[in-house]
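Take a look at the structures listed below.
Two complexes come next, and they have one chain in common, chain A, joined by chain B in the first and chain C in the second.
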Partner chain A sequence: MSSGHIVKSFDEELEGVRNTIVEMGGLAESQLEAAVRSLSERNTELALKTIEADKAVDELEHKVDNMAIRLLALRSPVADDLRLVISALKIASLLERVADYATNISKRVIALNLAPSIAPISSIPRMGEMVRRMIDDTLTAYSTGDADLALDVWTRDQEVDQLYNSMFRELLTFMMEDPRSITSCTHLIFMAKNIERIGDHMTNIAEIIIYQVSGEMPKDPRPKGDKTSMTMIEPKDS
Partner chain B sequence: MNVQIQAEKSANAGMDVAEEFVIETRNVDVFYGDNHAIKGVSLNIPKHQVTALIGPSGCGKSTYLRCLNRMNDTIEGCRVEGEILLDGLDIYASGVDEVLLRARVGMVFQKPNPFPKSIYDNVAYGPRIHGLAANKDELDDIVLTSLERAGLLKEVQDRLHSMGTGLSGGQQQRLCIARALAVRPEIILMDEPCSALDPIATAKVEELIDELKENYTIIIVTHSMQQAARVSQKTAFFHLGDVVESGPTEKVFTSPEDERTQGYITGRFG
Partner chain C sequence: MSSGHIVKSFDEELEGVRNTIVEMGGLAESQLEAAVRSLSERNTELALKTIEADKAVDELEHKVDNMAIRLLALRSPVADDLRLVISALKIASLLERVADYATNISKRVIALNLAPSIAPISSIPRMGEMVRRMIDDTLTAYSTGDADLALDVWTRDQEVDQLYNSMFRELLTFMMEDPRSITSCTHLIFMAKNIERIGDHMTNIAEIIIYQVSGEMPKDPRPKGDKTSMTMIEPKDS
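Moving on to the complex of A and B:
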């Protein structure tokens, strides 16, 4: 039913939760973008700013928690209202993790910038942009209640995983060829992993959005493409 | 939405298989003169469960409830059409004894209405008129068991011969439930049984409803959505004389199928 609640302040409180989630998501998205940009630009200052910005996301998570607890205690929400409140709690916690990953990438950028650039970073900005678009679409799906768009994000994660797999292999090969690059490449692998995890979290959020909108979870098993945990590269001459 | 969705219908499907219906109603229409109060309601009441009937004022839920033990017969100009089967037999068929029917399908009302008699006599009243006890001992047994089942015995056992009207509101309501239980009903209809009670008395009645469902089928009309959610296993949402949606309470309160149900239970109606 599209009409509002008879008690208007209830609507305002639910709207407040929704807006805070979108605000959190927006911050997390720009933090990822800034973290990846600080890598391509070798910009330590931007990386430091990105780390600092994490606090704002943490505070918003607390805000969502408090608003949700208040709504549960005072409004006893049911049906779609209940699904919105429970979903907000879960999504806020996932977005907070997303911002943490962006912070971790920024810390590694600062470490990388201490040494001359020798490792290939080209795939990271590509992965970063792919996942940034996933965040953007997830937030659009959330704010418009678009389950189809959420499902699209949900299936898109596999592309990120594939890119991560190839990047993992590329960096391993690079390290074997030039052991001086091991420190940098290891940082890059962790960065790529962080971005890949953000993609996973968007898949989680997409599922939550589908549940929030329809009351039911997606039936198909979650698409998983990260095979790096089983990847081995043998030295050529062994 | 083009996603294959896992319909969490296991609870629902399980109920359909295992459910045994004690009351089946088919295309029930009720008219008060020209007013068409209930429009072709078909609803089944599962045995030994609590079914909650919810809906805005004037939606027909109380009218429907009163059809189930023919209380509507006492209202002039009221006409009931359709089939209402109790254990497979039509309760509106000719030759059905309404008094016996109302013993099988007991009723508890919104306002506690004990007789102006002693606690003992309130509960003994039904067994006496139905001849359920052969002697004083048997009658004592029925009275004490009924009070015990209604969760009231401990509070009144040393004053069984005081006036029932002297009890607190919550105790009076449980006395009325004991009175209904004394004639060994299969089904208990409750029309807003807690609306005149404070939260503690309400909690006691709700706890009692939960215990009673082991042995009785309960149908409760309530304006409190939270109460419906707390006490019932099945919920039916009435609107403008029709059942818009009925199903497992958990489903109705987490993801109702009909927008009108969602609008009502979330407080968007009107």
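Moving on to the complex of A and C:
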């Protein structure tokens, strides 16, 4: 066995880790899209299928973990290669949680479909599409090593947070005006929060990509746009 | 430099990683305790201090990451040692999120304190104490390698989920009866959800400990007790 062969096989193993991450991200992206579509369509069957699909993402995370441990044990990577393996472990764990959020949205769709549609699904599909595109661009940035695209994703998270802030206010106001909508609106707020968290996870992955490519973190402080934890809305008649 | 010295120093480095994890966990535990206490006491100053304390946890996570990368690069650990390093990376990332949840609770306390106290803080202190003890026992299980204690933590998460389920229903009902409490109750539901998520993270860490000590995962399927995603509550008068 020539040393050239060993080097090639090492590169192939690293490439295998990268491809599995992209595959995981692609599944997570589809799950978000399907979860939001199951809301717009009031489609319980699609929501159930989306929950079922979570297992495949969990399995891919285990696969990444095992590939990374094998690489660390047998290849003792250093410098950039070591960073790539550690990054893959972190990114896999973030993508696994993205799929969990999509699962949680799907469960709430099933609950909402048990009652007549009274609450506005509001800007959830728009927010879902913004974040789905963030996942897509993050995966492109990861597989092509494009730090500019990763920085673009990182910046865009603020728009998602702004949309979440206005949805949060809108849904609280709606609940006050029509208390029959309280349970449904609470589920919608949690769904919006889940999507907002997926956006946050994309900024985390974007930071990992930027650091991996440029060796530096984004210079500006991380834009934190979710102000809802501090939001109080007074009922109009009080 | 004798090889004995190198071996000792390697063990010392592993011990350093373990100690940093325990230190991180101790801080996260204090933050949860302080966040919940700031709610019971309506203490905005304590809530602000708790938010500020999050930085120290973030710094400890970076410290664990750097120690782990250094160990992997310079020591090329294999087998149990490699698993210990990978576990430390995963546990540090989970503990960092526990501190984030405590920060989020504290932000909501500040928001609640802007309005008169109308919503019941309900079972949050009880739930907070249950989960604080889970963190404490998880850290003991980690530092002593006690798989039985870790399994005990893992099992107890179901009680937290049950308490969260009943709080979720109670707060929705309260909102329906007194729409003026809608914003406050929504923050309380999110706080309870944050605490429930901390419990989930402890079961994740418990699984890592059990796997590290016994080489096996818990045999029963993971108890999933949070049923609120599927909960619908009808207003009494409808």
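Please note the rule applied: the second predicted complex is superposed on the first by the 232 of 238 C-alpha atoms of A that agree within 3 Å, B and C clash if a C-alpha of one lies under 4 Å from a C-alpha of the other, contacts with A are read in each partner's own complex, and residues count from 1 in each chain.
To be clear about the criterion, contacts are C-beta pairs under 8 Å (C-beta built on N, C-alpha and C of every residue); 3 or more make two chains touch, one makes a residue touch a chain.
Just so it is clear, the structure is predicted and the values come from calculations on it, not from any experiment.
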item: First, second, both or neither for A:D148, with chain B first and chain C second; value: first
item: First (chain B), second (chain C), both or neither touched by A:V22; value: neither
item: Partner chain in contact with A:S229 - chain B first, chain C second, else both or neither; value: second
item: Partner chain in contact with A:D81 - chain B first, chain C second, else both or neither; value: first
item: First, second, both or neither for A:A56, with chain B first and chain C second; value: neither
item: Which partner reaches more residues of chain A (counting touched residues only), chain B or chain C; value: C
item: Contacts of A:L46 with chain B and chain C, given as first, second, both or neither; value: neither
item: Which of chain B and chain C A:M130 touches, first, second, both or neither; value: neither
item: Interface residues of chain A shared between complexes with chain B and chain C; value: 76, 78-79, 82-83
item: Complex contacts: residues of chain C adjacent to chain A; value: 65, 68-69, 72-73, 76, 78-79, 82-83, 86, 89-90, 93, 104, 107-108, 110-112, 114-115, 172, 175-176, 179-180, 182-184, 186-187, 189-190, 193, 229-235, 238
item: Sites on chain B touched by chain A in the complex; value: 1-8, 225-226, 229, 253-256, 259-263, 265-270
item: Chain A to chain B touching residues, read off their complex; value: 1, 3-7, 10, 76-83, 147-148, 151, 210, 213-220
